[in-house]
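Chain IDs A, B, C and D follow the sequence of writing; residue 1 opens each chain.
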Amino acid sequence: MKLDVAHILDWMEKANDKIQQNKTYLTSLDQAIGDGDHGINMARGFQEVIGKISASDYSNVSDLLKDISMTLLSKVGGASGPLYGTAFLKMSMALKDSDSVDYPQFVHAMEEALQGIKQRGKAEKGEKTLVDVWETLLEQLKEQDDFDSVRFEETAKLAMESTKELEAKKGRAAYLRERSIGHLDPGSVSSYYIFSSLSDVVKESV
Amino acid sequence: MKLDVAHILDWMEKANDKIQQNKTYLTSLDQAIGDGDHGINMARGFQEVIGKISASDYSNVSDLLKDISMTLLSKVGGASGPLYGTAFLKMSMALKDSDSVDYPQFVHAMEEALQGIKQRGKAEKGEKTLVDVWETLLEQLKEQDDFDSVRFEETAKLAMESTKELEAKKGRAAYLRERSIGHLDPGSVSSYYIFSSLSDVVKESV
Amino acid sequence: MKKIINDPNSAVQDMLDGFVAAYPNDVKRLPGTTVIARKDAPVTNKVGIVSGGGSGHEPAHAGYVGEGMLDAAVAGEVFTSPTPDQVFEGIKAVDNGAGVLLVIKNYTGDIMNFEMAAELAEAEGINVKQVVVNDDVAVEDSSFTTGRRGIAGTVFVHKIAGAKAAQGASLEEVQAVAEKTIQNVRSIGMALTPCIVPAAGTPSFELKENEMEIGIGIHGEPGIERKEITTADEIAVELTEKVIADLGLKSGEEVAVMVNGLGGTPEMELFIVNKKVNQLLSDKGITIYDTFVGEYMTSLEMAGCSVTLLRLDQELKTLLDAESKAPAFRR
Amino acid sequence: MKKIINDPNSAVQDMLDGFVAAYPNDVKRLPGTTVIARKDAPVTNKVGIVSGGGSGHEPAHAGYVGEGMLDAAVAGEVFTSPTPDQVFEGIKAVDNGAGVLLVIKNYTGDIMNFEMAAELAEAEGINVKQVVVNDDVAVEDSSFTTGRRGIAGTVFVHKIAGAKAAQGASLEEVQAVAEKTIQNVRSIGMALTPCIVPAAGTPSFELKENEMEIGIGIHGEPGIERKEITTADEIAVELTEKVIADLGLKSGEEVAVMVNGLGGTPEMELFIVNKKVNQLLSDKGITIYDTFVGEYMTSLEMAGCSVTLLRLDQELKTLLDAESKAPAFRR
């Protein structure tokens, strides 16, 4: 795999499209076990990301990821804002000065991002948060030595779906205890959109 | 006609029954063009009247009417409380020390009551208030020289029904102006119940 | 009907007990009545001020009882004027020889019940005067009908008359400044939803999902016009323009603004309305001396708001600013 | 969805403008931010106190900005924690060298955003401390999960920390008294209806005509238990007993009581609840030092209420009684 600035721009466009299309769905998932703003938060944040990055020129992926991070941090709010903001910030830092990203770099960036998320959110896998998607993906990435778009997307989807049966231990859904079981975790669904968009980008770029 | 204490007690029992049965209906009439409390007010007040007068002994109609008046004054509230309270007070005063009431006395008492109502409420006939029922009845009473139960009841009913087409000029319904047209005046309906009860009492006592 | 009550028939009694339980050092309930009075009533050498009306308008009227405002508030059943005997108890409890002013909202029922109470009080030698608040411009002012209703503007009358009385003014002076306030205060309301009188159990009217009612009263009465719901800005402009026109307010004049919630409207929406009211007045060169945003005169859980403007001169400004310890109007 | 707004996307902005328009002499909005600060911020030689959170809880949080309470309140979108950059602006605006205390409600989002802001502030050499309010006893307290939510009890933390700071206490002292307040305050809420986030347009959950939800949060989150609606007295007892048990309150202790409306409940019902809360506490020999009935921490137009008890000692009583000029908490 080889991701350059254009690929990341494309990734964000695709992710934004998915999030805008599923804004109401994400919100309804959050209404069931949270406070009903996840779709609204993500749609607002990614719209701003597109506005920001399409108005600038980038010579390397690190700067681009930094702008994505800062925009998410200052426009999303709630729990998801700092988490996604931190994730992209850590990716940016892991890819300092790179103008493109190969597979080992990508895995490293993902690893840093996940660590950032877990540190910020103090969550572990299995607690029904977006960590469930990120950590499952990282485990899969580490098993291989190049990016497998189909498997990546499938893994993200399964991990997202697996949150349905879990009882939430972190985030707002945790207040519901066992009543949180039977509902998808909204943040895991938005993470799935982001990663399935990445899968599409890589698939098309081959 | 000859009304004694027992008749008036019976009158109040019958009036109370009608009002309790039609509490919701009276309230719904008041919801349409007022504030939705007329049935509640009248039901509360007449219930208290029954409680009061059935716990006392009366040697003349004047004392009985005075207790009815005072109970209505202190338990009904709203516009109807002072009006009905005043009406019964004026009747009581007109029948001072009488232990029974003949037809001329009854007409005189009605005349005093109506005057009291009009003075208190500053309303004239045709303004869509209970004055429409009381004044129409008084006009009819004056045309005859004895009580005609059937005609009395019919007159009250027609007068009550005639308020439907009027535009309210007094009371809460007046705020609605032409939107008050097409609805019965709640106070005229409760007055109709009171007078049709009286008609029944006289009919049965013959 | 979803309400946190025990029994529709005890709602007003329970509320009054709960009110006194909240402010036991400031107010008392006259035993066996629905009257809430200042704990220290009657106050020596001070004109007493008594107001009241149906319940369901909380914090009106008991919330305005306190030093600098009302001496007593008389509560009726929900949306039903209190009876003359109760008002009479209120008058007796606050009179200490200086006389008592009754602040009445212009509803037939309130006027008749308060008037009868005044007659009872006068028969006992108490000097009683009355003022009738009729600030609602929704209703046309005509001498042939009942005239205009009294709504949220009444709170300013309580405040200003109360401050004047606290200064030691005579009954005539207090009445005069109350009349002046009434001359200079106008309001109009609107609603998005009806409300439910506990004892009735059903809403007083229905509004469709896209409808609002302009010119609503505070008793769940239908308003004067039903139309399609529009933006907060358009609502604010419509209400405020009606009030400005009726008051004949001109550039350079000074006003106090009240954006009042009717019970079920979040404060967020009241501030959104206030933004536009403020803008509109500023654009017209009308100076805003002070602003009151919140729930002052409600209609149970009705969603909606009213806008009140009070034209101010130096005297009214001073009295508006004077200290008040009433729970619902701390200054 | 029936709301008096212009556009769901501008609701928070419009509200903040309308808020400043209402209190122009007391507060300011930091340009280009969602921060409302005291007009005279930063105050020399005084610890700054910053709170905030999602909007939709009005009068929280801007209503508590004022002398004797908060120095700044940071508003997020409806029910969404504000972002770190906004909180950082608030911190910078109120710091004058004495340091800044952040009063955070225990929600993952709030904690993360405020923590990141604190990191940014520390990087600029500002001394920042934090306290996390977690008064909601509906949620079990477990170290494995997020812990308990912060709800209406937060208002007491604002008041007491604000009073301490106004006395000129150090950042550590202000933090300590805030912690002490948090240790001694507990709340629980219930709802009869859900609420509608403007940008979502649909209610967060449904309740049948005969259902209520116990242990509700202030974000339209479902509660912990749904059951048949009962009397005000039974509701008051259930909520108050939970709080008493969790605080371990004993006869002879003193408390402040808050009966808080969630936005759509008429004040009448809050007083009815207060009657029973008061009775229950008195029966148990617990002394009520002061009572607060009204809307302090709302959830848009949700119908429902919460009960908060704060165990008091001499220090907390003095600080609770201290002067406050915050529009929503005048003392």
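Assume a contact is a pair of C-beta atoms (placed from the backbone, for glycine too) under 8 Å apart; a residue touches a chain by one contact, two chains touch by 3 or more.
Because the structure is a prediction, the values reported are computed rather than measured.
The chains in contact with chain B as well as with chain C do not exist; no chain meets both. The chain with its CA mean position farthest from that of chain D is B. Centre to centre, using the average C-alpha position, chain A and chain B are separated by 75 Å. Taking each chain's centre as the mean of its C-alpha atoms, chain A lies 54 Å from chain C. We define each chain's centre as the mean of its Cα atoms; on that basis chain C and chain D are separated by 29 Å. Multi-chain contact residues, meaning those touching two or more other chains, do not occur anywhere in chain C.
In terms of inter-chain touching, the protein chains here are arranged end to end in an open line. Shown are all chain pairs that touch, namely A-D, B-C, C-D.
Against chain A, in their complex, chain D makes its touches with residues 54, 76-86, 107-109, 112-113, 116, 138-140, 144-146, 149, 197, 199-200, 202-205, 217, 219-222, 224.
Residues of chain A touching chain D in their complex: 27-28, 31-37, 39-41, 44, 73-83, 120-121, 169-172, 174-177, 179.
Across the complex, chain C is touched by residues 2-7, 11-12, 14-19, 21-23, 55-56, 58-59, 63, 192-193, 209, 212, 229, 231-233, 235, 259, 263-276, 278-279, 291-293, 295, 298, 300-301, 303-305, 330-331 of chain D.
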